[in-house]
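The following blocks contain the structures, represented as structure tokens.
In the two complexes below, chain A is the common chain; its partner is chain B in one and chain C in the other.
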Partner chain A sequence: MIEPNTFDAIVLGTGLPESILAASIAAAGKTVLHLDAYEGYLSPWASPSFSTLSSFASSGGCLPKASFSAEEELTFSPEEIEYKILEVKDAPALYSHVKVSPAHDESSLGRLNRYSLDLAGPKVVFCAGPLVDALVSAQADHHVRFKGVEASFIWRDGQMTAVPASRSDVFRDKTLSLADKRFLMRFFKLVADYTDSEGGTSGELAAENLDRPFVEFLRRQQLPTLIREIILYAIALVDDDQEQVSDVASLVSTKDGLQALALYLASASRFPDAPGAFLYPMYGHGDLPQAFCRCAAVRGALYVLRMPVVSLLLDKESGDCKGVQIASGQVLHSEKVIASPTFCVEQPATSESTPTTTSSAVDAEEDAHLRSSDVPSTSSERHETGGDSTKVARCLCITDQSFQPGLSTVMVIFPPNSLHGRKSKVVRALQLGSAADVCPDGKYIVQFSVKCSDATEAEETLQAAKDALFRVDDSEDDLESEKPKLLWSIFFIQDVSNPLQAIRGLKMSVMPDGTIDYRSMMKYTETIFHELFPEKEFFPKLPATSTSDEGEGDAVADGIDGL
Partner chain B sequence: MHGRPRQRPGQAPSPLHHQEQAYAVELQKLMPQFLQSNRTCWVFDVGVVCSYSAEAMNQNARLLELNPEFYTAWNYRKRAVEEILGRETDEEARKGIAQRELDVVVRALRVNHKCYGAWYHRKWVIGLGLSSLDAELVLLKKLLRLDGRNFHGWDYRRFIVKTKGVPPEEAILFTTDKINENFSNYSAWHNRSALLSEISKKEGTEINRVQAMLEDEYDFVKNSFYTDPDDQSGWFYYCWLLEQTIALVGTPGSDVWLMKVLDKEIEACRELLELESNSKWTKLTLARLLLTHASYNTSSRKSDTDEARTHFEELCSLDPTHREYYQYQLSMLSSKELIKDRSSLTTQHEGSEELQLKS
Partner chain C sequence: MSARKRTLLKVIILGDSGVGKTSLMNQYVNKKFSNQYKATIGADFLTKEVQVEDRLVTMQIWDTAGQERFQSLGVAFYRGADCCVLVYDVNVMKSFDNLDNWREEFLIQASPSDPENFPFVVLGNKVDVDGGNSRVVSEKKAKAWCAAKGGIPYFETSAKEDFNVDAAFQCIAKNALKNETEEEIYLPDTIDVNASRVPKASGCEC
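And now, the complex of A and B:
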């Protein structure tokens, strides 16, 4: 029995957005019940162990659930429950095309229990981004430690070029001409001025110019192609090709581009001990949700893990969300339910189509319908079916050495069409070593991602990126033999679309998307929070205390390795 | 202190106050003890062998941690170490004694890393030749990462490099690293210049090598002002380079080389000025280069001087703080020309005669 049985909000699933919401709602002084059906905080945001990932792969892309055995059977008859009941199921086909190679040889990987593999990888955290701010205001920063991303590279003409992203990078760069150095630095200065002026700029950056495409602005700055690519894809981390645009919606506006650069520059200078603008959480991204959960628990949120939810309860009259029923049979009340997108809830039948049937009859009918058809049309209407933005292909590789000798945590950006002979989208790769405590000593994990409209094409693109970084086994070439050897890899395609739902009081959180950082997730999370609790502030800023008035975020800085 | 509320009577004192009080109490206790042992060792110095007890040494170490600026205490340690080492013959034990001194210095430097006495004591201990110099270089690397422009650190590094006999060609690599990390580092540029002079003054260094070295330096430093033309550190080093270049005049083959270098540098500055028309340092350096050029190349003297003059004139309004300096430069230019004009009137004849003699 869970006592009490009424909460201001019930959260289902321990993915990062759900955990942040639990922490923010608890911080706002509301009561929260956080339920999770999976073992050990497993979610699409988790960093599962090698064995968990293997069972994920062998099941064709299902997150293994904790086995639930009811200690006490509680039964509530539908009559007792004065609600309309909607069954809560697992969302179908979140992951597809799962491929492991080699399938059954793990002998060369070393100690398998030392691996943490990010299901959402590659992802990095901006030092000055909203996630770090949320960590600091939630006081979750004591629970996470970070490793700075040591360097970024851009793939160009078949080789890696260091991304000159700071004053000293520009100074020591050997590939740029002197004039290019001046152009780039002048551009950084322009961005800094724009940031300082808080939008009140004139001339090139006048308000009317800010809505025009960012790429045009870069062209007007006389920036050479290489620098333009670096700024767009490796610094502003733009997701889509800006030079040859297929869809106007994928064009980044000058304003958004400048904001991304401003965030980058602010990030690069935020923590003196971080080598660059990006951080990677030690032990994998899966540590982030747990940190927020701890904060939520400290502020009184109630945690019940390994507890599946069977149904969502709606008000019979209004159709508003009223609570959930869990596997033990108990009914828990809340008018606000947040669910991870790994769940799907049947859409309520509209009053026109089923005016007279009772809720249980609806269930029976829909169950029958489900059994008769392979297409779960009643249960998972999703936004934007088909098209570019709904799927992302990811590949996690294990290698035997770093592709940049002397460096461990390294990001590589493959700009559009940079993989020779191919038309390709932006590919991101992130290498992690034992310094980030995600693999045994001497092994490296390289994560790749690309937006995917076609599975075969995405797989081929990632293969080309892998060939660029890793050794081709049979090659006699001396250059090839210096590259790391690919020991093991898993490829999968993940759905990033968000379930459509129209039930008042029920909010679906989001899957990890195709971006490489957490800005979009944070924005979405904050929106959900404000929709549910319009009168409350999302993670109110902490009052400055005498010990921390040297600037918030010091604790995060302390957490960065290498102090 | 500013920004801290006044302490109200009856209020509990701040933890910092407690700390300071404890510090004062300890200092009051240690001082007489130290003075006592200091006095006794002086008395005993005359004739009788003085024993520096372990207790007195520990008290002294603690005292120096509380107040690293206390010279008398450092001197006491030096006498003590000399005396103790004189008695000790075992090599390992002698090394241990030296190591203990280095540890005392580190503790003192943690309190005040700019303490002259502590740095001097460290040099003195290293001078005994009982410690690893490589360990010192590792420590210095750490220190200079925390504070890249700590001149005690740089000075001490020069001392270690000299003691160890590191060739300047190798020592210069460290300055390259530091400058790559952050080129706004006068200490690193300065150390680089010192090491370069050392190399060029070395016996047997060929003139071609010095020239090639200087050319590489020009290319290296140019990165700094193309990255940030307002940063002075690179420009200062550039001026020093120019001096070194001129200093080679007179050695065989250098005159042609000098003109080549000057032409190239003038061109580079003009290019930068095209991109950054209001850069004070670019204008000033260009004017200096032009004047140097003018003094070695008579054929373009007039045009060089005129160009330099316009740069100085523009600088007067661009950088009004140093207007007087620019005006002084302008007046120097005018007076030089005046003298030249006059002398050319009187010496024209002699000059042509000289030419005839030469030919």
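And now, the complex of A and C:
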């Protein structure tokens, strides 16, 4: 049996946000029990093997669960449950429209056990972003090595243009015209002035202008279209069309845009060995949760994998979270439970957001309190998922050569409406090779994603992006034959929306969203931490021996100086 | 092929909870022993400089951080190990029986390129207990298991009395190093996000 049976927090699921929370709570000196129904840290954030991904595909998008077997150590005499019991179920259909295009000949894929396929791909890590800071503060950094993303390209009119990572890149670039270079240099200078002034600027960047749309600001700078697209979609990593806006909520403010640029510039110069602003974790993104879990374990968190949770226990009177019951029958107590979105807990109430219990009526004051405590996370979540696109289409492809000869880890951005005249959102692609140890030598993985509300449209959009990069079968065209050949691919739609949860003490974690980096996930994770432990610091700063904990302002200033 | 710069050896210690994995590490690296048992908290890995023949290498010894208790170690933990140490308690039969499982688990998770020849070392710990009277696994039986698995080196140890610990780790370092040169492969340049890290002589305060 699991001993002790009472914890400051119980975490269910080993996705990245849950694992970061386990590590941060353990680092705050609290006791943590981390449970997972799956084998080997499988979650929507994992990088499953080829065979695991194949069973995911054949089941129509279910992560294969470990079979639970009550081991000797887990036997115990059951205790009487004095709580209200809410059954825990699997969340319905997190993945849909799963389609595999199998290899004509599986041997063409090489050693299958060498593949790690990111379920949340494509994703990259900003060198100066919050995830790297958390890794260092948590002392999880020695468990993960990174590969630098070697280059980014933007796709327009059937061509790839390199995205400059720094001022020196602008000088060296051979695809940009002299006039474009001058525009970019002037613009980088402007961003540097903005960050140096810490927001206290006048004129163009006066406070009253910062809330206005970023795209208007860029237009006023009279930047050419290509440069504007590079800045918006490849550097500030905006996902929604900013030129033809259907939903005002998807417009990025000047302030957010400038902050994103500052982060990009700081990232580009943070690590001398990194070729650009972005990193990719060796062996895939699935190593990140494991690194945080290891840190949590080192600080005393207890780990039990292959252990399903069967019910959530609530106080009969208040309806507050009191713990969980696991498949072995044991009851584990905690007033704080964090659950992965792969869990679904039946709502104790009949109406959507009003928490009432069948056994006792919750008074109005309590009710109001519960709802208000949920406001911060819900509003930020809505902000991050961006309008109505609560799904993201992903496609993972295996190819036989790099689409950029000589380069392995490469990102491509297809700005809005850039694919064969199609109306489309931003499509992101990331190529990885054996240098990142995610596939056998000589093979490449290319991951695609696009935010979507319609599956068919998303599939067609990603097909157009694939056609741009890969060889069309049996083409006689010489140019076509130089492109990589698509050997195998999987397409699926993943749900991003996060269930509302109104039980006090229960926090739902998040699914990987449609963005290519981890800023929104980190923000959400930190918010949950502070809601659960308002008196504690999220990953306390390390002593001065580490350079990782400079304020964001310092890091940004360093970045600008480095240009 | 030019000599590889990296002389850092990753050694992982596996075995049932309570067999003395942490105590063995602590005795070897810090020359300390505590009779008080607590499931491992606070040790990520310990490092020690070792002279192996004419080479000075840094051995990084990874503890299970308690994640072995419910078999919850992830593939990331096993990755890149140069030697795997299997520990059992000579006074507990189950811990010896489980060596098979631990070895198997390692080979599946770490998937070394040459599993037949991957270096393991087996330690039968706690030989001091009750003057050896409570012992249930004989040296003969343990040696037979090691021989059947392709001649794994075997040591009887006592972390408490510091018996045979140095000799065992010297063998571990030697075998880890042998594995490293045999597996000399192209290591792509990777980025360490903690640029300020200073190599420490021993220990890790986390």
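Please note the rule applied: the second predicted complex is superposed on the first by the 494 of 563 C-alpha atoms of A that agree within 3 Å, B and C clash if a C-alpha of one lies under 4 Å from a C-alpha of the other, contacts with A are read in each partner's own complex, and residues count from 1 in each chain.
One rule holds in what follows: a residue touches a chain if its C-beta (ideal position, glycine included) is under 8 Å from a C-beta of that chain, and two chains touch if they have at least 3 such contacts.
All values derive from a computational prediction rather than experimental measurement.
Superposition note: with chain A as the common reference, chain B and chain C can be accommodated side by side.
More residues of chain A lie in touch with C than with the remaining chain of the pair chain B and chain C. By the touch criterion stated above, A:Ile154 is placed in contact with neither chain B nor chain C. Of the two partner chains, neither chain B nor chain C is touched by A:Leu314. By the touch criterion defined above, A:Arg172 reaches chain B but does not reach chain C.
By the touch criterion stated above, A:Met185 is placed in contact with chain B alone, chain C being left untouched.
Shared-chain residue A:Leu486: touches no atom of chain B or chain C.
Of all C-alpha pairs linking chain B and chain C after the chain A fit, the shortest spans 11 Å. The contact surfaces that chain B and chain C form on chain A in the two complexes do not overlap at any residue. In the complex of the two chains, the chain C residues touching chain A come out as 41-44, 65-67, 69-72, 74-77, 79, 111, 188-198, 206. Residue ranges on chain B touching chain A, taken from their complex, read 179-183, 222-224, 226-229, 268, 271-272, 275-276. Residues of chain A that touch chain C in their complex: 2, 40-41, 71, 73, 113, 127, 132, 135-136, 139, 141-148, 271-274, 279, 282-283, 287, 290-291, 293-295, 297-300, 302-307, 435-437, 545-548. The residues of chain A lying in touch with chain B in their complex are 167-168, 170-172, 178-179, 181-183, 185-186.
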